[in-house]
Amino acid sequence: MINNQISNEGKLQHLITTEGISKELITKIFNLAESFLKVGKRDVKKVPLLRGKTVCNLFFENSTRTRTTFEIAAKRLSADVLNLDIPTSSQSKGEALIDTINNLIAMSTDIFVIRHPEAGIPNYIANNVDESVHIINAGDGNNAHPTQGLLDAFTIRKYKKDFSQLKVAIVGDIKHSRVARSEIHALSTLGTSEIRLVGPEIFMPDDISQDKFQTYNDMKAGISDVDVVMMLRIQKERMQKDIIPSEKKYYEAFGLTTEILKHAKKDAIVMHPGPMNRGVEIQSEVADSSQSVILAQVTFGIAIRMAVMTLLVDKNI
Amino acid sequence: MINNQISNEGKLQHLITTEGISKELITKIFNLAESFLKVGKRDVKKVPLLRGKTVCNLFFENSTRTRTTFEIAAKRLSADVLNLDIPTSSQSKGEALIDTINNLIAMSTDIFVIRHPEAGIPNYIANNVDESVHIINAGDGNNAHPTQGLLDAFTIRKYKKDFSQLKVAIVGDIKHSRVARSEIHALSTLGTSEIRLVGPEIFMPDDISQDKFQTYNDMKAGISDVDVVMMLRIQKERMQKDIIPSEKKYYEAFGLTTEILKHAKKDAIVMHPGPMNRGVEIQSEVADSSQSVILAQVTFGIAIRMAVMTLLVDKNI
Amino acid sequence: MINNQISNEGKLQHLITTEGISKELITKIFNLAESFLKVGKRDVKKVPLLRGKTVCNLFFENSTRTRTTFEIAAKRLSADVLNLDIPTSSQSKGEALIDTINNLIAMSTDIFVIRHPEAGIPNYIANNVDESVHIINAGDGNNAHPTQGLLDAFTIRKYKKDFSQLKVAIVGDIKHSRVARSEIHALSTLGTSEIRLVGPEIFMPDDISQDKFQTYNDMKAGISDVDVVMMLRIQKERMQKDIIPSEKKYYEAFGLTTEILKHAKKDAIVMHPGPMNRGVEIQSEVADSSQSVILAQVTFGIAIRMAVMTLLVDKNI
């Protein structure tokens, strides 16, 4: 995908996908996020880095959860936040969409956080705005969800340090998952030694080179001896009917239970982008166990989003 | 109801119900609210007591009105505010609800203001979060609405001073009213000499000891010689069909009119938690009369909510 | 229309309509807006003029766009903003509406920005609140939209300076347009030498004296030699069926194309209040041409709204 997320000066101009983002830039984002984690523990959890700036959450797909994390991140940076939930039914594509965006730019919006059910829309918008404006893709179709990919990689770094010795299993409906795509790109760039894709054959992606990655249709083999188990949410709305006979059968084959988890390394961590379907892709006991870092992911997500917004806007970092 | 709203150190940890809150604590809340009333009259109506804190309004039941008062109170304390309106249809109970809450906690939310159509949910949540997090019940089923109960008692204190000489009539559908329950507990604790429950027999509560309170099925007798008339909103959605033959008949029997009000003391005050059904439970002339303190209740409500939030978060008060 | 938008001391108390606003006051608003335009270009785009004040956007008619401009304007002045979208279905008129407003006033709201599908509602409210409260009409039925009228006149002043030599054509459905009414009043007061109303006969207004204005049912003649072409949005929801045979026929007769625009002066500017129906009332090439000042209108709109809010609240200007 052609996109202009890196300016000619090498600065982050937009964040559309983790594909093509350099290891140096990812490390810069992570280090900045580390410093913001400390802010989250202070009594006054605000820094003035985006004071007087306006962040517009433009969500064409319903998501209280993701919108909320961006809203908190922006407010913690002292930005003003606009929340616009636009049902796609009332939205045409292309020109009319650009009119909406250009209107908001004329109101001096600095950052747009955009979620859209159609792949490519945030990139299209990024290619049609002037350089004072920054786009963050908060999920487009099954293409990318870069801040989620980054926060997941950041979470692994917090718990496992060295990517070069790391075995990671991504489990579930990889084919329809923008989260998986963004994770795979970030983890590859960071030099993860082994990335496994685990799930039923119909959930294996067509567009991700399966040569570079090992694929497993068997859960036990797939997570055997891994350091990290990244579960994906079963996205019922993206599946064709009758592909999965029943939630119960899926759980039997690919649900992460205490029993199954024993096949991973003893100190393996368990991740999930949320919201979880307990009893469908993950057992409650596992979700709430000491190996689970699922809530830590949420906390780290705020810091990562603060770091990305700061890098987009600040000219001196 | 077992709840953990008071910590082992005697501090207010959550506010779930006015039941069991001591006279000392209520007085502390009232005195703090008095100081915030002055803030509301200043040119710059903000104090920095909750700067850097995040207040999340989590409303599973529609209420622009109550949510707005909490939002204003939090902003006046300089907190950041998140508004999440969650239709109960899209929400399961128990575990999934706690997942939602835990996610918001992982984003460093400090206070949750929760309204839920089902009694007990805010208490359940309070019992399942760690101690850095504070829950305010903004109304759960027909159980409790403690900030309303407190602001009503505060209003009475502003106009009548001494509770020990006071006759108060609560009029309407007491059976289904969380407001009435919270008023009764607060007024009892403050030593109100006489609390009367007035309404048709079918609206008298089963769960409130009618030995301690006098009940009246006749309006004139019920408000005769009282100092305070607290009207309740007729909650059409909570009534079974055919219990009340018609709004007109209800108004004839229990509507508060200028004529009926003459049976109370001459300087009696008239209260209503709003929104009023004019011509159903209260006559417009009475609502707008000099005896009405209905709009003062709203103003005091902001100060009470500021006081409660401050006491929850501040370690030094 | 009788309204009390100017206080006895000659100060702006409410902004309900541009009708009857003096040239001096409009000029004062414009000069203040000029100073706010500079704020919009600063790195920190905030001024503390409304700090501690509360602005309530009360929208009884859906409008993300207009509400957003008021929200940005208020936040840039450091006010706290409440957004209340109230479907008219759940709202009765008169007394119940005043109850809602009085409740919000009791919460110390300083400015209400009100949009309502029915003409006259903002004025009715202005006549029923006390003098500490200020109402801005953000559009009422087909009556008035004064901040839009002012920002359009301001835009013309920015590009054309002298109104006394100016020919302006307003094109489209003038009959149903509150924007057109507010433009006409503002431009007349500012001494615009010629205001032309252009559109099919059925779109010519009954309530605007057609003696004072020239009306044209022919597009070429209507915009011939003008300095400013102000296009109106075709408001499909306000038109009776079958009045316009088709969008295509309307476009052929009254759409602004590059060809048609040649009949205006060479340096004529093209305006549109947005959102545009490209290919219905305006050709894309014209909307995006160098003669178009449509996005500048949006930017100026923030400054004008900041100026109006400041004049309403500030006692010293």
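Order of writing sets the chain letters: A, B and C. Residues in each chain are counted from 1.
Quick note on the criterion: a contact is a pair of C-beta atoms (placed from the backbone, for glycine too) under 8 Å apart; a residue touches a chain by one contact, two chains touch by 3 or more.
As the structure is a computational prediction, the values presented were derived from the model and not from experiment.
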Same or different contact residues where subunit C meets its copy subunit A, judged by the half mark: different
Fitting subunit A to subunit B on CA atoms, where both chains share a sequence, rotation angle to nearest 5 degrees: 120
Between subunit C and subunit A, distance of the C-alpha-averaged centres to the nearest whole Å: 41
Multi-partner residues of subunit A (at least 2 other chains): none
Subunit A - residues contacting subunit B, complex: 40, 42-46, 64-65, 68-69, 71-72, 75-76, 274-276, 278, 284, 295-296, 298-299, 301-302
Sites on subunit C touched by subunit B in the complex: 51-54, 80, 82, 84, 86, 95-96, 99-100, 102-108
